[in-house]
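Here the chain labels run A, B, C and D in written order, and each chain numbers its own residues starting at 1.
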Amino acid sequence: MSQPLQDKARELLEKKEVAQVIGYGEGTRAGRARPIFITSPQEASQLIWTLACVNNLAVYLTRKETRVPGRVGIVAKGCDVRALFVLIQEKQIRREELFIIGLSCPGVLSKKAMAEGKQELTEETKADKCKICLVHTPVEYDFLVGEKVDSPEPPSDPYEKIKELESRSPEERWEYWQEELSRCIKCYACRQACPLCYCNRCITEKSIPQWIEKSPHARGNLAWNLMRAFHLTGRCIGCGECERACPMEIPLMLLNQKMAKEVKEQFGYVAGMDFRAEPALATFDPKDHEDFIR
Amino acid sequence: MDSGLTLEGSSEERAKGWEPKITAFVCNWCTYAGADLAGTSRLRYRPQVRVIKLPCTGRIDPLFILKAFERGSDGVLVSGCHPGDCHYTSGNYHARRRFGTFRKLLEFLGIDLRRVQFSWVSAAEGAKWAQVVDEVTQKIWELGPFEGYRRISD
Amino acid sequence: MKIEEIVEETPDIKTLRLVFLEEGMVNDFSFQAGQFCQLSVFGEGEATFCIASSPTRKGYIECSLKKVGKVTQALHDREVGDVLGFRGPYGNWFPLEGMKGKNLIFVGGGIGLAPLRSLIWNCLDARGDFSEIMILYGARSIADLVYKAELREWEARSDLKLVRTVDPGGEDGTWDGHIGFVPAILEKVSPSPENAILITCGPPIMIKFVLQAADKLGFSPDQVITTLEMKMKCGLGKCGRCNIGNIYVCKDGPVFTYRQILSLPAEF
Amino acid sequence: MGKEMKEKALSRAGQDQLIQGLRERGFRVFGPRESGGLVLFQETQSASDLPSRYSNSARSIKEFFLPAQESLLSYGVGREEIQTRYSAEEPLPTVLFGVRPCDAAYLPIIDKVFAWEERDQLYLSRREKTLIICLACEEPDEACFCTSLGYSPAGREGCDLLLTPIAQDRFFAEFVSEKGEGLLREFPHLWEEASPSDQKRRKEVEAEAKGKIKRRVEMEGIKGWLDEHFEDPLWEEISRRCIGCGACYYLCPTCHCFDIVDEGNLWRGVRRRIWDSCSFGHFTQMPAHQPRESQDRRYRQRIMHKFRYYVDRFGPIACVGCGRCIEVCPVGIDLTEILARIQERATTPAKG
């Protein structure tokens, strides 16, 4: 599937419609892909589209190191386009600054599958986020690589693990998360990999006062992971980059998906599906439920 | 309105040498005035709540709640103007959305939601304030110290 | 250490005079001009400051601090009698021996006068050891000049020449000094490099241009001494924060000759 | 090597007895254990806790000497005085069992920075109280490149005792240090004589493991190139995809930079030392000055510190080739690729 992608990128660069194409190239490890930045038509042949194209490249649009003047061509799967939408909603980029090279995506390989050298896409090797994906074809694109496909109904219950945790007692959940978060070393890979964590100065770096303690002890780890999840509430589009980037295998997507579920149930809102919509937590409805308030 | 408890908790609770620490984040315009009214009306209610006044519930960052627990609170109360009464028109509506989701996150991470309470108390509702405080305090007495957080706060 | 006295130098700079609580330390503590220390307000953290008083004045140290962040804010909020955490002295110092018999030209900008002040008083307290002394000092505006009383004192002395300047726009009707950036005034005053040593400290951008100006005036890189500032945490050559190339500013610095600086990666 | 290194053999049961014996003598024994899909060093009761196959633990052993967070002192501020209490607790005698030789090799390198001039007592006392028992690596990962740095999957640097599995039920034991030899005396009944065929097998095992390491970087010329190329377009090129997280730093054994923070209030609290990384912007951010304001500068610092500055200052290259940085990088940055590119430039005659 790399050919149409390369052709389109080459054409865009030749016609100077874009200044740069952010896409995927071969990684140095067998079967892996990694982000590449293409500025000349000759380089377009380096672009690939494989099951290992896991990164959400939208993260590079707000980094000053990779932002270039002019229009940017960005290679984006369905989930990645949702991130672009949130960035547009939040006025970090403008739609017209982007040329979205959408990818019709069957799902990508999980981290585990790639570590084991798996190449085929099966239910087993597929990344968890892809099993509940709503956008195998991106909601919007300027050019689509591959055929438009309907997203299959997410199988059974997308929130299975969440429901299982919800059924436990608070003390059990507390223990579960204390255990998981105890591995956190505060490397901030979750934050840095997230296309929506674009703050110039993260709340953890604000020291007057130090709201979130920097130390990776139980208290600091709870505060960090809790606030990270909350700052993404109503915004997280479920690309799973935080969890993939986490070197300590903390199930961060459980937190994100729990919040996505709440936002959907409480306000009927799904992030990143429409860039003209009002973000859920930036607006309100006088009729919002308040059964939790005395 | 009488919660049926003495202000100092039951003798059994006193014997344990513990009494709850509860932090209330309240808005300046409604709840704070309501609490003031409770005071000037000489209503008796339980004293374990420490009130922190902010301009509006919309100003109450969820981090405040976290910090309260980190610093040893056993329970948190957030209280502001009734819907439609916000001094800043819509601060409390925004807060309602924010806390409607935030509390679910706390719950998911294992914080017993009985420790995180919300109320609307207007400037005229001194009696409601006293009642809310009594009820919340009683709940926390029943739950006991927030052991989970204490364990991680050395 | 206990705060004995606080001087408000400018709207955002205070000088704290600190005395040791421990009897023994009062006499035992010694340092050299150019060295720095770590001051801390418990609960807020620790930060690095150069010692701004002269080693010849025993019994206390002084540090001047500009309110720029968490720790300096907390230090500004302290009062006389409050106790601060102290570690030090750390780092190297100005090569006082090598300066003897020479003409000394001090070039300072803003709060960068602080480490120079330590050295200046050190030299003035042994005035006979040195030849001519010139002090060129500038700040953004009149209000931003530090050590105002001492500037008047130096101005009045006949055994040194004080040149004051403020950045353009920082003057008012009463200003009788120069108007212009420090490096430009240095070129204008044009001190002779003969038998001279130029010692400079100030904001990084000023140091950069002072070094260029000194070069133009014919000073060799060995005749120019400056101090470098990097973010520091441990002060012990461990935490890896103050590295510029293979040197640790906290151990090998903060005092460097221009020649040494020329051999470092340009990353400061 | 003045004297002959003592060599013995150990059975699998003997390995377990060794762990038991050390525990009985008051050592805390930590070994790699699998949990939640990761291999991490955890308290170990017996040899059966060790995973059967693994290349290395997800985190390096540096946390046993420079923990991710530790208290330096606690303070209490009273009306009249401030009380501070330094955390000078004697570390408990500890054994790290099943350390991979690449991880152990980091110790003699990083000892240098913690021991020069001001000696870091927290680090050094833990060092002194810790016994390193290495398990030679049979399953190097695809990202491993220790041999390029002159180390070996069965190397002895930093080990006290090195065990090499030579058969299903047998290890070859080399007593590398004085501390290691102590084990020989302490547990005399455990050790069996090593036969010449054991020795031969040990060499074979090492050679086999080395053969599995496919990555190879020639280090020659790299230092020289770095000396001359502080400014170079290469830095921007190789760091462009870097998103500035600290995963490579935090998992790297030799990365040792740290931060010091106060936690608590104005009356009581703790001053802590925590890991920090040069990949973060705030690492060098001063109020009005930032010497490394973009990621390429920060990335350059990482490479320069390991392969140039540390060498100039302390001698060895601050990299052991464990490959963790390659393994965990979320955007596929590959240190060996970068070194190879530098090497290529270093050995290609300069143009123009």
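Basically, contacts are C-beta pairs under 8 Å (C-beta built on N, C-alpha and C of every residue); 3 or more make two chains touch, one makes a residue touch a chain.
The model shown is predicted, which means the values in this text are computed figures rather than measured ones.
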Count the C-beta contact pairs for A-C and for C-D, then tell me which is higher. C-D
Subunit A to subunit C, mean C-alpha position gap in Å, rounds to 49
Expressed in whole Å, how far the mean CA point of subunit C lies from that of subunit D is 40
Cα-centroid distance, subunit B relative to subunit C, in whole angstrom: 52
Rounded to the nearest Å, the gap between Cα centres of subunit A and subunit B is 36
Multi-chain touching residues of subunit C, meaning two or more other chains, are 45, 69
Per-residue multi-chain contacts in subunit D, two or more chains: 259, 261, 265
Can you list the subunit B residues in contact with two or more other chains? none
Could you list each pair of chains that touch, in label order? A-B, A-C, A-D, C-D
In the complex, go through subunit A and note every residue touching subunit C. 207-208, 210
How about subunit D: which of its residues touch subunit A in the complex? 36-38, 40, 58-59, 68-69, 142-143, 239-247, 249-251, 259, 261, 263, 272, 274-275, 277, 280, 282, 294-296, 326, 328, 330-334, 336-337
Under the definition above, what is the set of subunit C residues touching subunit D in their complex? 40-46, 68-69, 72, 83, 85, 203-204, 229-231, 233-234, 236-241, 243-246, 251, 265-268
Going by the contact rule at the top, pick out the subunit B residues touching subunit A in the complex. 62-63, 66-67, 70, 83-84, 90, 93-94, 96-113, 117-120, 132, 135, 148-149, 151-153
Touching subunit B in the complex, subunit A uses residues 162, 165-166, 170-178, 203, 211-213, 217-219, 222-223, 226-227, 229-230, 233-234, 255, 258-259, 262-263, 266-267, 280-281, 283-286, 288-290, 292-294
